[in-house]
Amino acid sequence: MSRLKTLVREEHGTPPLRGGHSLCQGCGIPMVVRTVLDSIEGPKVVVSATGCLEVATTRFPTTAWNVPWLHLAFENAAAGASGVEAAYRALRRRGGLPQDDELTIVAFAGDGGTYDIGLQALSGALERRHKFVFVCYDNEAYMNTGIQRSGATPFGAATTTSPAGAASFGKVQQRKDLTAIAAAHGIPYVAQSAAGPHWHDLSVKAARAAKADGPAFLNALADCPLGWGHEARLSPSIVDGAVESCFWPLYEVVDGAWRLTYRPAEKQPVEQWLRSQKRFAHLFSPAAAETLEEIQRRVDADWDALVARCGG
Amino acid sequence: MKEIRWHARAGQGAKTAAQLLAVALLREGKSVQAFPEYGPERRGSPMRAYTRYDGRPIRRRDSIEEPDAVVVLEPSLARGAEVTAGLAPGGLLLVNSAEPIAGAVCVPAGRIAPDAVNLVMLGALAACLGEPSLEGLAAAAAEVLGRKADPARLAAALEAGHRAAREERWAA
Amino acid sequence: MATDLTHAQLLTGGEAIVEAMCQIDPDVVPVYPITPQTPIIQGYAKAIADGRAHGEMVNVESEHSAMSAAIAAAVAGARTMTATSSQGLALMAEVVYIAASMRAPVVMTLGNRALSGPINIHCDHSDSMLIRDSGAIQLFAESAQEAYDLTVLAPRLAEHPDVLLPVIVCVDGFTLTHSAEPVELLDGELVRDFVGEYRIPHPLLDLAAPTTQGPFAMPDYYFELRRQQAAAIDGALVLFEELGEELGDLTGRRVGALDRYRLEGARRALVCLGSTAGTAKDVVDELRHEGEQVGLLRVCSYRPFPAAEVREALASVDEVIVLDRADSPGGAPALAVEVAYAAGPVRSHVYGLGGRDLHPADLREVFAGTAGRYVGLRSEPCPA
Amino acid sequence: MGGLKTLKTWPELEPGGVVLRDEAVQPATGGWRTGLRPDADLELCVDCLLCWLYCPDSAVRLDGTAFAGFDLDHCKGCELCAEVCPTGAIEMVPDGD
Amino acid sequence: MATDLTHAQLLTGGEAIVEAMCQIDPDVVPVYPITPQTPIIQGYAKAIADGRAHGEMVNVESEHSAMSAAIAAAVAGARTMTATSSQGLALMAEVVYIAASMRAPVVMTLGNRALSGPINIHCDHSDSMLIRDSGAIQLFAESAQEAYDLTVLAPRLAEHPDVLLPVIVCVDGFTLTHSAEPVELLDGELVRDFVGEYRIPHPLLDLAAPTTQGPFAMPDYYFELRRQQAAAIDGALVLFEELGEELGDLTGRRVGALDRYRLEGARRALVCLGSTAGTAKDVVDELRHEGEQVGLLRVCSYRPFPAAEVREALASVDEVIVLDRADSPGGAPALAVEVAYAAGPVRSHVYGLGGRDLHPADLREVFAGTAGRYVGLRSEPCPA
Amino acid sequence: MSRLKTLVREEHGTPPLRGGHSLCQGCGIPMVVRTVLDSIEGPKVVVSATGCLEVATTRFPTTAWNVPWLHLAFENAAAGASGVEAAYRALRRRGGLPQDDELTIVAFAGDGGTYDIGLQALSGALERRHKFVFVCYDNEAYMNTGIQRSGATPFGAATTTSPAGAASFGKVQQRKDLTAIAAAHGIPYVAQSAAGPHWHDLSVKAARAAKADGPAFLNALADCPLGWGHEARLSPSIVDGAVESCFWPLYEVVDGAWRLTYRPAEKQPVEQWLRSQKRFAHLFSPAAAETLEEIQRRVDADWDALVARCGG
Amino acid sequence: MKEIRWHARAGQGAKTAAQLLAVALLREGKSVQAFPEYGPERRGSPMRAYTRYDGRPIRRRDSIEEPDAVVVLEPSLARGAEVTAGLAPGGLLLVNSAEPIAGAVCVPAGRIAPDAVNLVMLGALAACLGEPSLEGLAAAAAEVLGRKADPARLAAALEAGHRAAREERWAA
Amino acid sequence: MGGLKTLKTWPELEPGGVVLRDEAVQPATGGWRTGLRPDADLELCVDCLLCWLYCPDSAVRLDGTAFAGFDLDHCKGCELCAEVCPTGAIEMVPDGD
């Protein structure tokens, strides 16, 4: 059966995340959530950090979740998942739960809840080797609160706390490389992927993550039409642009071994990708020409380093 | 005291219209408040904004539940029960619509100026309320939006709405 | 409003605070976003981008770090401002205490918002109440105008050599932060003169006189250091009144610890914080007009709490009614107990949690004694 | 908030605000559409299910593994399905129709 | 102590709590070390290493995560215990509120310790007071024995279907956690029977009935959910008394919301929390012996606060004197205002911050009315 | 002049940390602190996290610090340093401070305040690229509170929260590789070093760290006789054992380039090093033989990976 | 009520001695407390521990500032003003010392049993106080330390101290 | 804590408990030594200063860059200096001497 059909089958008519939520038209998050959950066999429990996904899917007394779902706060998705996992282990050991059908605990957090305020809880959970899958849906800013810069926001992007203006060119720092940071934790499985046209890559990785013997971390680029500034229907091509320009490479680290899972036939200039989004509009003024070059240089250097790390 | 409720989609400029109305009234010596309503809904979802004004100082800060007038910027929202909720029987219902709607004053703002629906409806509202003056609105629009848009175009949209509402009311 | 506001600006509380920040032009502004504080930090970021403000904006990775960086910057020798709300304040609670005990004169806007859970973005005062023992000064604004005035005043109060404490300007979330009202701004020059230079007794960056800041204290000294801190905040009360007058001379408006509204001859008086007082004033006027002897006491300076003044203001009142916009499950509400301690038996109500509105009709019931303990709640039975 | 009075009172709620999936009613979000809705030409459809995969609102209906139309109560009209449909089977059409 | 303790064990409060934990044998124990809680978590770790306990001990990376993991485990369906102190509680404050609002029946020991700054490891109650509005139950132990008894009782109270709230057993740091006293332990079997199975209405791990836990609530429901929580903690008061009696039948000792000590005919009464009550009882005896009509009201259940019972207990007393072991700079101390609200005019003192001792001589001065507001402080002038 | 003499000169008779503190006899922390500070030219400000160093050097109203020193709490040394740095930049820009003599801001935290509860603040400060030197004195456990396990505690070590007993063999997880995690942040300078006989290595690295154009991170192994369980006077040989066995390699990462700074002439078996410390005593029971082998295997694998990363 | 203060270095077993004394007294029907004092000082630093006992129930939980007896396990601490602080003129000062010290009962515990200085001094203290019984102490030591050490050796150390103190007191 | 009364009162303390280095008195920790103290044979000393480098208590005195003995008020007697001295110049000797 094609992979997409296995996803359909895993849902058996009940999507883990159903319609009726209040995420924006065309938001990129649901595709990441459903692709990940549908790619994991067996029962699942979801833990979410505060963010667009959580706020927009669980307005009391409604819920868009068909799977058991838990939210505590913004910074503690990984800690919550640790607690659920410890409870699961304890109850299984005491015979208090069915012994077949291994449960998979999946945590979802945005880049803010992963790169920044949720990093410590994540790092601790990885160190303790809880068996769970942590998925960062990375839309490169704090979207829920109105597009503020995060550790994941790319250099040069305008956000409401790194605005472009007479005295500024958007964010002045490079983005944190969280996938590499997770990999440095020496956990069994780490991967970087994206929704949109690369759903197959994401799906395969989600399945591998769930089967890992310990914690797994997935960093999935998820489009935010509102925050990135483009029409919703262009999402697929824009996510694709991030991958094809090598701004957002797809790779995995299995037990410490790095491997590219996708190599663009021809690397696209990053400028093309930047131009498609309003958050980079200010970079196309003559005064910002250097910034543009700097971005390309950095993308190239990072890509080369990654390729080297993946064995050339 | 007069209380106005605005219905629109996030992004259609209801918040701005509510504020422009307040600025214009402020300049005419009124006491004013303007505020939107916030929830977990995002781009594309229906939203509301409010304007409150009075000849005497306004101090109360509760929400508006029984508005004197309701303005609907998004035609597709016009038929929901939400827009008339709390509106007194004689209250004004002003809708951006090319088709007539029973009990409502309809102005085809989308047709008149698709880029400035909010201003057209604001002009129309002023005509219905009898205040503030068109000049006052135009000045307020220039004050608030002047750096981003051509004041003449803003004034034109306001005026077109004002005229359309006057005509519509005559017709009604 | 005695003044003619025709030429005032229509600003939200958030925007008014941004204007104050641009005029004060602090050196360091460490912040982390949270609704409903975001308009403030976004407005300030835009002001920097536009060259209207010149501080170091430090976009930290959590509120714990926001307050930590703020303390460090303030004791290092830089004028420091920040802003937060709700969960943000809860996450930095540990360091708010430390800010006060290290006598770091950080000025912070708090966009008051209900604490989780359930998670909610709207106004109540549970966040303020969480840190009521922290030693930080908390001033509650009634209007956008007052939010501006208090923000302008705050650095003077915080940095006074007898005070040296964080000052938190509490602004009702959405009701004030996001609502536009007429606001009169002072001239920027005037604000700069009013605020003056930043000066603290022992800046860490004074390399010529090395200091150890934030030491460990055993039982032999801890109590003394806490007592010193209590004296500082108690002393801030008179100073606040004085600064309120000094600022009033510039603005023609008055800010002060208490706002006594028609208490002369009042037989029943309401006590509350923040923007609700505006609504209550309208109701007091109505009831007075109907011949009822009622009045209002609005507490602006919740910390330091002007206990003696409250007692005196309520001395000749038959019934004191306290409105708390935060619940203390399993205990009595914070403002109610504070007033009770100051002024004798009181009746208490809880209202407005999580953004629930309070209407004139509710307040009539409160005055009439027919309201339940929780005002605005569905089907709350009346008191027996 | 006049409508508030008709909602549940506190003794009727589950402790801690736990929402029971089996009892929760999901709001309709079809009203978010701004004039256009997706419409599929089944003749052209090849049941690839990419529309199902991309739809952010889980608003593509299936019959087993075959495409079976749209859930217009929840479809927000984002156009993604039309964009990704490889055969052009999906078109955005005026909502009234 | 009516009972013969010859065969009791000499245990510190910390050790006694470890024994209770071994007997309860919880499923999950997420913890982060902090003085003076460390003997508890170390003792428990050792018990696991020795095979005497069988829980999952989760050595988290901060207290915020400790409480977060604890909530998650508890709502998942596992009996969960934890412990902390001071800065640890401050760092987890945000999630303590969330534990209560999510109705997670986590049992926690709090080794009471002063909050920074300055940093200090000794006892006061500022940490407890920080979270007094959180909705968590707080029970204060007077002795190591009572720390044990309350810990045994706690899961029953926390997990009762009408309660479902975190229960915090507050134990004075060092004074109780590290001091050895005679403690009688119950038979392990008896404790297991008393505590029973862990049962909550909607475990997250019930995969057959999926639940959404921790949703977002707008003003239309937030208030209702908070009110429900308030009802739960209010109801816990009677239940605590009932459980105290049930446990008392097994132990021959009594625990309950209030400890009324020689209040019959008392003209002056002291109110306090925790281990200080022991010292105060000695002084009451002495003064009674000298013919003074004094008594003591020890509050064990600080949250829920038994306001009506306090009022009644103090009804015929001329002067109520409240001892707070935490200061509220710029406001009145927490226990004082609570009692004032319950019982009319009171006199207040602050004592014992940062481990400063309270001596019988101090207490004599308190009773005599010659003590300053801050008891035990150097050179504090007497009240005018 | 020999490097040691430059250290002496930098102190000019006033050690940054003077005697009279209450750290244990023979504690390894002061040597790290003094070597680092003495190796950095010019004025310095120190920010400390809660831990042995802080608690034992600043009992009010005394102080062991001759340099300006700041402590806020346990988890926020890096946030405090960020604030000091921002203040320094702002004041310099406004002309409020002397313009010569670049100030160096040095943060010290234990492993607990770095690997665990302080990680998030550190990661954020690195992302924001504040110019400061963060020094972790890594004694592999929470010593101040009585030797509890931390993310830095080695696999198999007994601590008071990972005790050895009938049902346990000490800590069950591997230690977090914090140096690698810091390196993954892409900051200009990261290094791992140790006090004791490798003071020269530490000194050189501290000087480089201070000159880096942005944040620098130093991870320095610091002996704790009490927590590790050995006589104080054996500290030098025990720290040396960690390095010579390749349990604790010395290396640096300069602008992303990895380099070994010391390669033992002959790699010592790790068993020898373990045997010298009581925290590992339980591993020398027959039942634990496998654990011992596992430790050696892991040390070997990590070393090989590091050598490869450093270009072989 | 009797209150004892112990002076030693961290690690010398003063805390254990304070507790053993309490256990033995507890078994003889006394009410007891035993607690050390904590600060930021570490291994090697001077520390104190306390025992309090009474025939009637002890409820007070304040610190001990005017002890009835002071026991010094570490000879080098014996001459500091700290050890006699608060000790009443007639109070007992018991020191581990091979040399005589004015006003003190000296027992050369370091010489008698270098590994068990605390037990020797505990035995000596019991002799001076007249309680608890040597048997009681030995039983307490066996109860508390029995799993780690040979009860006979524990008893021997206690006894040696007991004897030495008796002799010393005779001599004095 | 009878001695408490002689310590400073709160109005005498710096705000926030700031400790001014120039006014702070450091406690003596020589009393921590348990019978042994370091003693140097200057004949053997080669001024390598390793003892200075290693001493956790900053208790090795220098004269310029020459070894100049020990600060016995602060030396805790840990023996590290003796351990690292390359020439054996430092010996631990009974403290009384």
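Order of writing sets the chain letters: A, B, C, D, E, F, G and H. Residues in each chain are counted from 1.
Here, a contact is a pair of C-beta atoms (placed from the backbone, for glycine too) under 8 Å apart; a residue touches a chain by one contact, two chains touch by 3 or more.
Please read all numbers here as calculations on a predicted model, not as lab measurements.
Trainee: Comparing the two chain pairs, does A-B have more C-beta contacts than A-E, or is it the other way round?
Mentor: A-E
Trainee: Which one, E-H, C-H or C-D, has the same contacts as D-E for more than half of its contact pairs?
Mentor: That interface is repeated by C-H.
Trainee: Measuring between Cα centroids, what's the chain most distant from chain D?
Mentor: Relative to chain D, the chain whose C-alpha centre sits farthest away is G.
Trainee: Round to the nearest whole Å and give the separation of the Cα centres of chain B and chain D.
Mentor: 31
Trainee: Report the inter-chain centroid distance for chain D and chain F in whole angstrom, where each centroid is the mean of the CA atoms.
Mentor: 55
Trainee: When the C-alpha atoms of chain C and chain F are each averaged to a single point, how far apart are the two points in Å?
Mentor: Taking the mean C-alpha position of each chain, the two centres sit 42 Å apart.
Trainee: Measure off the straight-line distance from the CA centroid of chain A to the CA centroid of chain D, and report it in whole Å.
Mentor: Their C-alpha centroids are separated by 24 Å.
Trainee: Give the residues of chain G that touch two or more other chains, as numbers and ranges in rising order.
Mentor: 39-40, 44-45, 63, 65
Trainee: Check each residue of chain A and list the ones that touch at least two other chains.
Mentor: Touching at least two other chains: 22-23, 25, 27, 54-55, 58-61, 63, 65-66, 71, 73, 75, 115-117, 119-120, 123-124, 127-128, 151.
Trainee: Note the residues in chain C that touch 2 or more other chains, in rising order.
Mentor: Where chain C meets two or more other chains at a single residue, that happens at 35, 59, 61-62, 64, 75, 87, 91, 94, 98, 101-102, 116-119, 122, 210-219, 221, 224-225, 227, 232, 356-357, 377-378.
Trainee: Could you please specify the touching residues of chain B with respect to chain A in the complex?
Mentor: Against chain A, the touching part of chain B is residues 39-45.
Trainee: Using the touch definition from the top, list the residues of chain F that touch chain C in their complex.
Mentor: Where chain F meets chain C, its residues are 43, 45, 47, 54-55, 58-61, 63, 65-73, 75-76, 78-84, 86-91, 94, 96-97, 103, 120-121, 123-124, 127-128.
Trainee: For the complex, give me every residue of chain A touching chain D.
Mentor: Touch list, chain A to chain D: 4-5, 7-9, 13, 15, 17-23, 25-31, 34-35, 58-66, 196, 199, 232-236.
Trainee: In the complex of these two chains, what residues of chain E are touching chain C?
Mentor: Those residues of chain E that touch chain C are 64, 87, 90-91, 93-94, 97-98, 100-102, 114-120, 122, 126, 129-130, 132-135, 137, 214-219, 221-227, 229-230, 232-234, 236, 303-305, 307, 326-332, 334, 336-338, 340-342, 344-346, 348, 353-357, 374, 376-378, 380.
Trainee: Would you tell me which residues of chain F are touching chain E in their complex?
Mentor: Counting only chain F, the residues touching chain E are 50, 54-55, 60, 71, 73-75, 115-117, 119, 142, 145-146, 148-149, 151, 160-168.
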